[in-house]
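Structures are listed in the sections that come next.
One chain, chain A, links the two complexes that follow: it is found with chain B in the first and with chain C in the second.
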Partner chain A sequence: MSTATFKIWRGDAKAGGFEDYSTEVAEGMVVLDAVHDIQAKQANDLACRWNCKAGKCGSCSAEVNGMPKLMCMTRMSDLALDKPITIEPIKAFPLVKDLITDVSWNFQVKKKIKKFKPRAPDAADGTWRMAQEDIDRVQEFRKCIECFLCQDVCHVLRDHRKHDEFIGPRFLIYVAALEMHPLDTEDRIPELKATQGIGYCNITKCCTKVCPENIQITDNAIIPLKERVVDQFYDPLGWIWRKLKKNR
Partner chain B sequence: MGRVHAPHSGAATAACGEFLEKRRGRRYLSGDSFSLMAQAQTTMPPRTFGQTMRVDAWWMQPFLVFFGLATFIVYSTWAAFQGNHYYFGPYLSPFYSPEIFGASPHSWFGPKPLWWPGWLLFSPALLILWAPGGLRLTCYYYRGAYYKAFWADPPACTVGEPRKTYLGERSFPLIMQNVHRYFLYLAIIFIFVLSKDVWKAFWFADPATGKISFGIGVGTVVLALNVVLLAGFTFGCHALRHLIGGFRDQLSRSPSCYNAYRCVSCFNRRHMLWAWLSLFWVGFTDLYVRLCSMGIWHDLRLL
Partner chain C sequence: MADYQTFQHDVLVIGAGGAGLRAAIEASAAGVSVGLVCKSLLGKAHTVMAEGGIAAALGNVDDRDNWKVHFADTMRGGQYVNQWRMAELHAKEAPDRVRELEAWGAVFDRTKDGRILQRNFGGHRYPRLAHVGDRTGLEMIRTLQDHGIHQGIEVYMEHTILALLKEGERVVGAFGYERERGRFKIFRAKAIVLATGGLGRAYKITSNSWESTGDGLSLAYDAGAELIDMEFIQFHPTGMIWPPSVVGILVTEGVRGEGGILTNNEGKRFMFEQIPENYRTQTADNAEEGWRYCQGDKNARRPPELLTRDHVARCIVREIKEGRGTPHGGVYLDIAWIKEKMSNSAEHIKRKLPSMYHQFKQLADIDITEQPMEVGPTTHYAMGGIHVDADTQMSRIPGLFAAGECAAGINGANRLGGNSLSDIVVFGKRAGEYAAKFAKENSLGQIDQGKIDLAASEAVAPFERAAGENPYSVQRDLREAMQDLVGIVRTESEMKTALEKLKGFWERANRAGVIGHREFNPGWHTALDLKTLLTVSEAITLAALERKESRGAQFRDDYPDKDDQFAKVNTMISKAADGSMQIRLDPLPEMPDYLKQVIEEMK
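Take a look at the complex of A and B:
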């Protein structure tokens, strides 16, 4: 067994700093195991949110060596143990204590997004039929576990604090899942441009890089939504084309 | 037991605490505007320029992008302003194609027009290079890459930025990036033009008799590979992916759109790779034609 040293952020919104800990590393261990070990043996008051330990609940989001990660999915064997491993809370949201942040802003944002509005049922049994190829595209977005790592890494929220003008990658995926749904009839594009701030995204792809579900957030959700905004607001030839098609 | 190392700044944390208190008071106001910005300020202060806890070589990728793009911009600008050594036999440099006006046999409408102002520098490349340049400038991949490498916005993921203000792509000048699809339309025309250049590169004139005959030179292969790579880049464009079918919610209703969408998506998955390979090769193709024309390199006939 080898020994790993950690610098873990301790504190709340009033004061805080890094504290040093060290623990034994066993085979197959993940960062969350080490945090639990420290919590059990060295710092009983260390606050850390977790639940499934399987990368599906999205609770244990933190920054390990400066990159947003799920602690339960970050293997100790993937980290260099010759230097201290830093563990910090995510930065885009208010700190509550130690590794815990208040992510409730996200739930407020979600409430403001227009809900799913299906077209009238068109099958004889009063339901709908969808082709698999139509639903494949939005299926990818349904994998999101709401760990908010993408929100954390997005510099528009993290550094520029545009929380009141930009909904962040997580909710751009959410809008994409609704907007591209084959049954949905709602138009969310004007809000995307005006109040949800899709124009703030400058396509750095950091959100895609940190997504633990490997959702192609930028290529499959944000850019297609940006193109839909272009269709409605910035493409004069497109307007003429659609008008001609409508009159035919 | 642990040991406190670097206490958090007192003033900042006091302000943070104050905000948290305020937020608690307003958080559940009915129908509130719930000042999201105020809430955000209860987090730890943003990092200063270049500050990060990352331990990897985060600067490597933006550095390579900066180096690669800067090299290309310098070379292509120099080559475009030269106005000579851009054709050799049946080969025409892609920086100069289509040659709308120019001195070479490839010119569409003859030499430099008489109405061209004398004070304005003329080069056939300057008439056309804005189109492929515009495609790359507004390309979704390049945008993300050069915002990081040239503007440090951000320098890399989770690395502190130099500026506090941020407008994104929602106001001038970056709102102009939305013109991308128009550059795409032009770029598709360029693919056909460059394909015709490849066809011409198969036909060599005999220096003695002037008779035209079929042949393949290294230059033919270089030009052909250039079109393949540029096509891979152009046909994997995000805007094309949208226009060819991505705009539909029910792709299954149009099998042709669905197949085209899948095809473009296939190229799109490696858009970054196509972008770099095509960028390098288009520069190399110009260099090859230029050096052959200058007599420094000799074009080898393969057939």
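Take a look at the complex of A and C:
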């Protein structure tokens, strides 16, 4: 059994720094196991979030050696053990304590997005008919486990702190899942442009790269949404047509 | 006397998994103000981990299915000690609850004609589980969450409730703390719904997260409610067993629903060897027929891998005990074999079981489209819990309701896979509806300051013992003891030892100390959760001792057979005036003739 050393960020918004810990490494171990071991034996008050330990709940987001990761899905065997492994909280949100950040902004943003509004049922018994191929794309977006790693890595939020003007990749795919839902009748495109800041995204694809669910955030959600914004607001023929229709 | 921040709602829901969310949605739709307290962030509750599907007799894949078949399957699976009225309501109302999820935006996998697809699962006669690959729970919790946030529900994330507050017999509020700052809070309410889920953390090997410490059961018990069927703990047959860091993580029954088989180290499909009498006529007697069933052949009977979870778990334990286990002490679960039957099997498996593929690939270096998985039983679900009225979900304490895993009665001695996701929406809705009604008919009660002061001083006591017992060590030892002494195979002598050990753990818990301050301190949270874990552990052990027979999930080595004496009774646990835990046997309500007839017809 080998030993791993860690530098784990300890502290709160007022003060803090990295502290050193070490643990034994067992076969198949993930970073979250190491954090739990340290918590149970060396630092009972070390704060971290977790639930499922299987990549399904998106609670244990952190930055491992500087990369945004789910700690439960990051194998120790994939990390170099000859130097200390750093674990620190995600950066796009205010720090609470140790590895915990205040992610409540995300919940407020979601609340402002118009809810699902289905068309009238297709069948007399109140049910709908949808073909599997028509929902494949929406199902891809609905795999999102809300770990907020995409928000963390997005420079518009992380570096430019545009939280008041931009909803971030997580909620762009949320809007995309609603807009591309075959039953939905709502129009969310005007807000995307006006208040949700889709124009801020310059498709660097960092969000796609860190998504633990491998959702093609940029290609499958954000770019098509940008196209819809363009169609609705910048297509001259469409603009004239709507103008004429309105005046009639 | 300290002054704590106080919040006020008509209905307070404790727990925000599927049952809590559904209850909150229903109550707020009835026009009352609703508070929703959750231990984690919203959307992270245990429902998110449910995989295989939600059971509802929609009849989309096999039109022979209807509520009567579902009812009979549920009762048979529960060995007929279920509360029949709950099983009846569940079977009748589950289809509407599934359709409602679709109306709220859920996107289930589809049949060829565009309806909701249903898959096979253990103990269900026909393909009955609406699903989304193997991430059905995520789809459900997200749908309920995204619908709920527009209903004006006040959500209190990362809060834990420590005590229920009563005025006379009636519940009038709850007292707890927020994790972030560690501050105490008072919630006044006219009615309370407990939806706190399970208690798997009482065992060493479990599929449950840190949250599942039996909070609701312990709160209700302390407040004077009864706990029923506590001996029936479901050990899911297929948890991961290797590498050590993933032990206990769930492998969905959907693997077997899609044709996966169980084999031992001799390559033998051992499930054919022992088929229980009451399932004999429904079970395939050869591999070919089993495969045809999984492919939708209506004339074929289901493979023995799809027998009920209690039985499959015991067969696995037998294979391991008798030396036919795998190198890491489990059995093989093989879905890769279907490549013999279909040319695009790898793609098919990845599409039907995407998160299983991902989970094994990433955590165990196993490609399930090529290699078998190693699996063994893992503590998964509590059939027992708070005794409630079947129709209203109210406990014997006026104003205190319970729904989902923390409530009990629908599952009897063993739960069928898929019935929990339907349970939470069927009875979550009912609990919300009747809690709102109760709130409209009653006013706010008086808060008992003495009780609050006592709970607060107990809660901060660990800080005065910084050099005390490490709470994590107490929890670890408790979980080991429950695993070893009150696990899948039970005997009187071991369980008596367990009761003795529990006394020692109570003493150690009372000595537990915490370092640091109250702001987001997991050591403190762990120390506080010890009390609920110990309460439910004691209840499980007492109930398992009392039921001197083997039935469903309860297997007694010293009483290996079913006993008619216990065929029509439930164990019932309550707190005596002197604070001790009392147990009695309670006769099952008599089933009406029309339901007896349904069971007879379905035999």
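Quick note on the criterion: the second predicted complex is superposed on the first by the 236 of 248 C-alpha atoms of A that agree within 3 Å, B and C clash if a C-alpha of one lies under 4 Å from a C-alpha of the other, contacts with A are read in each partner's own complex, and residues count from 1 in each chain.
To be clear about the criterion, a residue touches a chain if its C-beta (ideal position, glycine included) is under 8 Å from a C-beta of that chain, and two chains touch if they have at least 3 such contacts.
What you see is a predicted model; the values in this text were computed from it and never measured.
Shared-chain residue A:Asn202: touches chain B; no touch with chain C. With both complexes placed on chain A, chain A has more residues touched by B than by the other of chain B and chain C. Once the two complexes are overlaid on the shared chain, A:Gln151 sits clear of chain B and of chain C alike. In the superposed model, A:Lys56 makes contact with chain C only, not with chain B. By the document's definition of touching, of the two partners only chain C reaches A:Lys143; chain B does not. Contacts of A:Thr86 after superposition on the shared chain: chain B is touched, whereas chain C is not.
Once the two complexes are overlaid on the shared chain, A:Gly17 sits against chain B while remaining clear of chain C. Look at A:His181: by the touch rule set out above, it reaches both chain B and chain C.
Once chain A of one complex is fitted onto chain A of the other, the partner contacts of A:Ala131 extend to both chain B and chain C. For the contact definition in use here, the residues of chain A common to its chain B contact set and its chain C contact set are 102, 104, 131, 181, 184. Interface residues of chain A facing chain B in the complex, by the touch rule stated above, are 7-8, 10-11, 13-21, 42-43, 63, 65-68, 80, 83, 86, 88-89, 91-95, 101-102, 104-105, 108-109, 131, 133-134, 137, 153, 155-164, 179-182, 184, 193, 197, 199-206, 209-210, 218-219, 223-224, 226-231, 233-235, 237.
Residues 12, 26-30, 33, 39-41, 44-59, 73, 75, 96-98, 100, 102-104, 107, 110-111, 115-116, 118, 121, 126-132, 135, 138-139, 142-143, 145-146, 178, 181, 184 of chain A are the ones that touch chain C when the two sit in their complex. Chain C meets chain A in the complex at residues 40-46, 48-49, 99, 102-105, 107, 109-110, 113-116, 132-133, 135, 137-139, 142, 146-147, 149-150, 155, 157, 180, 209-211, 242-246, 249-250, 355, 358-359, 362-364, 470-473, 476, 514-517, 519-524, 526. Across the complex, chain B meets chain A through its residues 1-8, 10, 13-14, 16-17, 19-20, 23, 27, 33-37, 39-44, 46-47, 52-56, 140-141, 143-144, 147-148, 153-154, 157-158, 160-161, 164, 166, 168-171, 174-175, 178-182, 238-239, 241-243, 246-247, 249-252, 258, 268-269, 271.
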